[in-house]
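In the two complexes below, subunit A is the common chain; its partner is subunit B in one and subunit C in the other.
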Partner chain A sequence: MNGDGGSPHPAARELLGQFRRGEIGRRDFLRAASWLGVSGASAAAAAGLSACAPVHAPVSQDTVRFVCAVQQMTDPALTTWIEASNLFRNCLEFLVEVDADNICRPFLAQSWRPSEDLKTWDFELRPGVRWSNGDAFTTEDVAFNINRWIAPKSKSVNRTAFAALTGIEVTGPLTFRLHLNRPVCSLPEQLYAFTCPMLHRDFERMGADWPKTPVGTGPFTLTDFQVGRQASFRRREGYWGPPPTLRQIDYIDLGTDISTHVAALAAGQVDILYRVSVAELDLVRRLPQARLIRQQAAQTVVMRMQHDQKPFDDLRVRRAVQLAADNAQMLRLAYRGYGVVGENHHVAPFQPDYAALPAFKRDVTQARHLLAEAGHANGIELKLTLGNTQGRFEQDTAQVLQQNLAEAGIRLKLNVLPASEFWSVWDKTPFGLTYWSHRPLGVMALDLAYRSTSSWNESHFNDPQFDAGLDVAMGLIDPVVRSKAMAGLEQILQDQAVMVQPYWAEKFTAVSPRVRNYRAHPSDYFRMDKVWLADA
Partner chain B sequence: MRETLADLARRLGGLALTMLVVSFLVFLTLEFNVEGVAVKVLGQFSTPDQRQAWLSENGYLDPFAIRYLRWLLDFVRGHWGTSTYYHEDILKLILPRLGASAILAGGGLLVMIPMSLILGVAAGAKEGSALDRSISLVSIITTSIPEFATAVFLSAVFVIGLGWLPGVSTMAAGLSLRELILPVSVLALASTGYIARMTRASMAEVMAQPYIRMARLKGASPARIILAHALRNALITPVTVIMLQIPWILSGVIVVEVFFAYRGFGTLLYQASLNADVYLVEACAMVSVLTVVVSQTIADLIYVRLDPRLSPGGGRHS
Partner chain C sequence: MTPAMTPARRLMVLKPSAMIGLFLVAGWLLVAALAPWLAPFDPLTSLTPLASPGTHAPGGGIFWLGTDLLGRDILSRVIYGARPVVGLSVLATSTAYLVGVSAGLAAGYFRGATDAILSFLASVVLSFPVLVLYIVVIVALGASYANVVLAVTFGSAPAIFRIVRAIALDIAGRDYVAASQAQGERAHRILIQDILPNAAPPLLVDFCLRIGYSAITIGALGFLGLGLPPPTPDWGGMVAEGRAMALAFPHLVIFPCLAISSLVVGLSLLADGLNAEGRRG
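For the complex of A and B:
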């Protein structure tokens, strides 16, 4: 039942048993099996599920026009913009894919298998994959990329994300082994992060400027690239997979104002918008030239308090802020209810490793009481820094919080910075509102944001018990057991009042009604090779 | 003649001084905090040691005055650096954008000047008439609505409602007049009313002058009175106002360009500030200042030409 004919991870058999007994759902089973290196198709077959038949569209001469910021992508592994990755994703491929349903699938790696302690991972590459310059894709390429990410001088965010990765060992032309210093159950998921495209082993020798020498293994090839204006991709002959349905994709940079994008869609000048915000929803619904697409995602805003800064070094103050906040109201007023209420622990109910805690209740009286106890009987002045990095809704959320806290005698001042200014202080400000994008697993976000040693630990949360709990959770494959471990972690974050995390925000976008088979993705990692246009 | 040359020299000196002061302020605002520059150039996820290495590699640990002088010298020599966002030579990036904005602003002026002068003269020729009142009313309404609101309104009517015009003006397939209609209209609408009101006031004032009454008493036709007697004097004020409008149009251009995704100087400046592209913001600020200062100098010169009392000779020739 596993992809490479060897013996599967012992947990795989146990998973199948759990699935048959109905202890875990279909998605949980497929997901967990895929981490263990069991391919989606064989896992589905073993469990007696029918794999979804892929939709086949004819290879066409269509061109799709996609509104997307066209940003510099000289070194795809160094990019800090997901938009840029949506361009190079047409040419560059990844070892693993996490699809729109949050399920991990084989991509350039056809299978993988962890050791029992989840510290050693064996990967096997898909044979017969060729680069657009004719070279074969081998473990030499993989080793080049991974060594670049984790090199001490690396400027890639992968150095942070793969802090546990100690090295790669090439075991054959198509097989390699990754060594970790602690168990990481989410390793395959992390390999689909937008900063992890597989570059050609000679990338640096070719000048280290990807748009100038756009060699890739993907279905399209880059034909035009002008930062801030447009970029074009053309279907490539000789792709290893099924040929893409579109002949050409044009990415058009229309700036940051989404109402401009909607006007372009209404006038038929473009076919797919990158994203629409909650502010444009009504307009999009009314336009006959637009079809609204909604997508649930574990993206959120976190109003976190730094534990080593006054007055947040006092748990009672943090707790008072958390108790006075009305998460449901913030969702209703600032995001018009399109989402799920958060529980102040940064794990979403629809993430597979979520564990339900007792409902968190707002209690203004208790908040006042705690403040008085902490020596702020006459209330307290606090300042929240934010940057509207994703849109106006961040400020709207903060304003609702301002009203909520006023009820408990907390006078909240909002310090609204331009987005670019905000990014230079996001991890320095004592009380700040930060947007966190979707992660397939709750444990991934906790590991990045709240582990004491993580360089993205913006709340300066430092709890050895929590770190130890994370290590345990990261080493558990079994969803039932892991969610128990997660319950403990969630409880610590909630009890320590690290943050007010009001809601999980849905994603929206709009496309022309002609566009077929386009799927939103919770991480905005769009794949264009199966999209086509219906006749007008 | 010597006086004119001395005056020109004084003006150029003033221009240079203004540029110098602004350049210092721009540099102070954007590069005083070197840590901030490093974050902006290397990105928010860079680590402190990466930033420190970059700072020392690029001479950022030198004293502020030295850094400023070095930057100023590079700027004067045309070495404007490379944009961190666009990854392109800044001079090469800015020139075509300036051209595109000139087309847009020029189109705006081309519509605005004849329209406002005709409306203003028509209104001022007969003060208090029904024509005057209706033109004044429309002028006040269009002037008081800012560009961002006009843009949304026109776009809602002509793009989303009627579907007659394109919603964005990217000029992806070369210069397109159809794509110019909306941005030019927005720019023209905002300023036409203002200039028309100025022309009207100036015209009304001239029409009340004794020499106009004299012409009327002599039996000259209304058309002859307006064209031969009143118009020349009535145009002094509006021409000055039009020159003064140019820097104002520059700011309007930013709003309009961003709204219609027009790839001009305005969107460039906007993108540069959104993405904290320090060097590009500096260059754009300097170019804007240059545009404003030069257009103001030209306006002064024209004004002096139109009104001899203001010439350095103090009206000796009149």
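For the complex of A and C:
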């Protein structure tokens, strides 16, 4: 069961046993196997599963027109917008891939194997990969990128994301080892973050301006790049993998108004939209020229309370807010039911490290009782700050919460800021609504948002027991054991009433009915190399 | 027109278009005043999401104009929405007038340094696009009733100042003003007793028009998400909330748009009629 012919990780055998006994599902099995460096095909074969059937896509002369912001970019490792990454993802590739099913798969690295303590990870690169300038892709390129990310002067968010990474050791032309100062089971997933594309080792010598020198290992080459207007990519001859199905992709910047994008799709001017929001769903459904695509994702809004700010320094107040909130109603009204109800702990039921807790029940009477105990027998006035950074549904959610809390005597004022203004206060406001994008694993979000030392700890949550539990969970591969550790973490977050986390929101997009094999991705990390257009 | 005609009598002889304007404005004033008795449902309570106009409500009654995304009755929200729009536009225009008229009279009468300083300040404010000015004020101070009034006052007062200053400059040179000065009247008495009443007719027309502009401004601020904080029913905010879904659910935006339009058209027609009446008189 080892993809590279070496001995399997000691946990691999136990994993297979758990799958055969029905203790874990297919997805959990494939995911955990991939952590252990076992290829998807080997894992599927060992478990008696049929591996994903390869898509027999025709190589065509088609051009797909994709609505996407074409933003200024120079250094992909410093990119702050996922839209920009969707452009360079056609040319630049990653060591691993987290696919649309949220499963981590080999990419430029064909295998990896962690040590038992998850502090040392051995990677092996795929042989035969060449850059578009003809150079071979080697560990020299990997070392260049990783050393750049973790350099003390690095301005990339990767420096924080890979804080546990102490260094890279090149062990051969195609093999390298990563050293960590603590176990991080999500290391492979982190390598598919949009800021982690592999750049050519001479990137800085070439001017550190990627659109000007668009060297990559990917299936397309950049042929046109006009900020705010259009970018074009052409099929690259001599690509190391299967040839891409499309001849060309044109990214067209139509501004930020999604209604305009839908109108362009309806008029046949474009083929794929970047996204549509819940507000456009009914319109898209009525258009014969549009096909709606839905995608489950661990994206959510979190209404978190800062533990060191009055009145939220009183657990009874936080708990009253949580008990009075009707998460199901927020999902039904503000997001029209397209998602899964949240459980106020920021781990999604469809994330592989989720552990089910007893159902969280709304209890307005208890909320009133707690408020009275806390000295607010006549109710309390609170202010929630939000910025509609992802759309109007944030404000709609807050308005439903406002109605919910009123039943318990909590008078909630909404402080709606322009999105740009909100980002300057998002982690400062005592009670704020923040959008959190999809993360493949629950621990990744918990580590970013609730660890006491994290710079994104917007709730100022500070619990040594939680931090220690997080370290344990991040060092576990066994899904059953990890599930128990995660249950403890989820319970702490729920009991400490850190947040109201009402729902997990689905993602939506729309494409022309001609588009084939296009999949939405929970992180909006789209791959275009196997997409094609059917005949009109 | 005879000098003996009362204001009420003047209104009665307005031309038909002005009467329509008066009817619309008075209608919205009544709706705003009687909102709690006219609205069939609580405008903040979620009932049935996205119900079409004419749908029966679950607990009895009819959603005559349908409901919004959160299930709130649109008719009730339009009725309650008249309160902030009508109230704030009148209040904001009045405060803008208070500032603009005071400064304009002072500049036109005293001239010299007073005029130079006030005119300079007005020019500075007027050099900004008005909507940008509103947005800057609201973003800096936050969205609230008081700040919407402040923003509209800040944005409108310089334009009013210019009109009043021009009129005051003209009237200040008239014989009856010179006579009052010769009698030793104090400046503020001359401004209030001699100049202001004679500047009133054109200002009354401008006041009516400006209330309409204020209503549009408040709607625009609401549309941009800078108006009254949610869940206050706000016509502009209702249009913004429903805009993305307007092609599938047109009732979300049609009715608040009609409300804004009818109020603004009413005020314009009324101002037009008063202007014509002023010229006749």
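Keep in mind that, in the parts below, the second predicted complex is superposed on the first by the 536 of 536 C-alpha atoms of A that agree within 3 Å, B and C clash if a C-alpha of one lies under 4 Å from a C-alpha of the other, contacts with A are read in each partner's own complex, and residues count from 1 in each chain.
Assume contacts are C-beta pairs under 8 Å (C-beta built on N, C-alpha and C of every residue); 3 or more make two chains touch, one makes a residue touch a chain.
From a predicted model like this one, the values you see are computed outputs, not experimental measurements.
A.B. asks: For A:Asp282 in the superposed arrangement: first (subunit B), second (subunit C), both or neither?
C.D. replies: second
A.B. asks: For A:Val157, is the partner it touches subunit B (first), subunit C (second), both, or none of the two (neither)?
C.D. replies: It touches subunit B, and subunit C stays clear.
A.B. asks: Once the structures are superposed on A, label A:Gln72 by its partner contacts, choosing first (subunit B), second (subunit C), both or neither.
C.D. replies: After superposing on A, A:Gln72 lies in contact with subunit B but is clear of subunit C.
A.B. asks: Have a look at where A:Ala334 lands relative to subunit B and subunit C in the superposition and call it first, second, both or neither.
C.D. replies: A:Ala334 sits against subunit C, while subunit B stays out of touch.
A.B. asks: May I ask you to decide whether A:Ser259 touches subunit B, subunit C, both, or neither, giving the answer as first, second, both or neither?
C.D. replies: The answer is both, since A:Ser259 touches subunit B and subunit C.
A.B. asks: Quick check for you: in the superposed arrangement, does A:Gln395 touch first (subunit B), second (subunit C), both or neither?
C.D. replies: second
A.B. asks: Contacts for A:Asn462 in the overlay, against subunit B (first) and subunit C (second): which applies, first, second, both or neither?
C.D. replies: Touch status of A:Asn462: no partner.
A.B. asks: Given the touch rule stated above, what does A:Glu421 touch, subunit B (first), subunit C (second), both, or neither?
C.D. replies: both
A.B. asks: Would you please give the residues of subunit A that touch subunit B in one complex and also touch subunit C in the other complex?
C.D. replies: On subunit A, the overlap between the subunit B and subunit C contacts is residues 259, 283, 418, 421.
A.B. asks: Hey, which residues of subunit B end up touching subunit A in the complex?
C.D. replies: 35-36, 39-40, 42-47, 50, 85-88, 152, 155, 159-160, 163, 165-168, 170, 172, 258-261, 263, 267-268, 270-271, 273-276
A.B. asks: If you look only at subunit A, which of its residues touch subunit C in the complex?
C.D. replies: Touch residues, subunit A against subunit C: 258-259, 277, 279-280, 282-283, 286, 329, 332-334, 336, 388, 392, 395-396, 398-400, 402-403, 413-418, 421.
A.B. asks: Looking at the complex, which residues from subunit C come into contact with subunit A?
C.D. replies: Spelled out, the residues of subunit C in touch with subunit A are 44-46, 49, 69-71, 139, 142-143, 225-226, 229-231, 240-241, 243-245, 247-249.
A.B. asks: Enumerate the contact residues on subunit A facing subunit B in the complex.
C.D. replies: Answer in residue numbers: 71-72, 74, 80, 155, 157, 160, 227-230, 252-257, 259-260, 262-267, 269, 283, 287, 418-421, 423-424, 426, 455.
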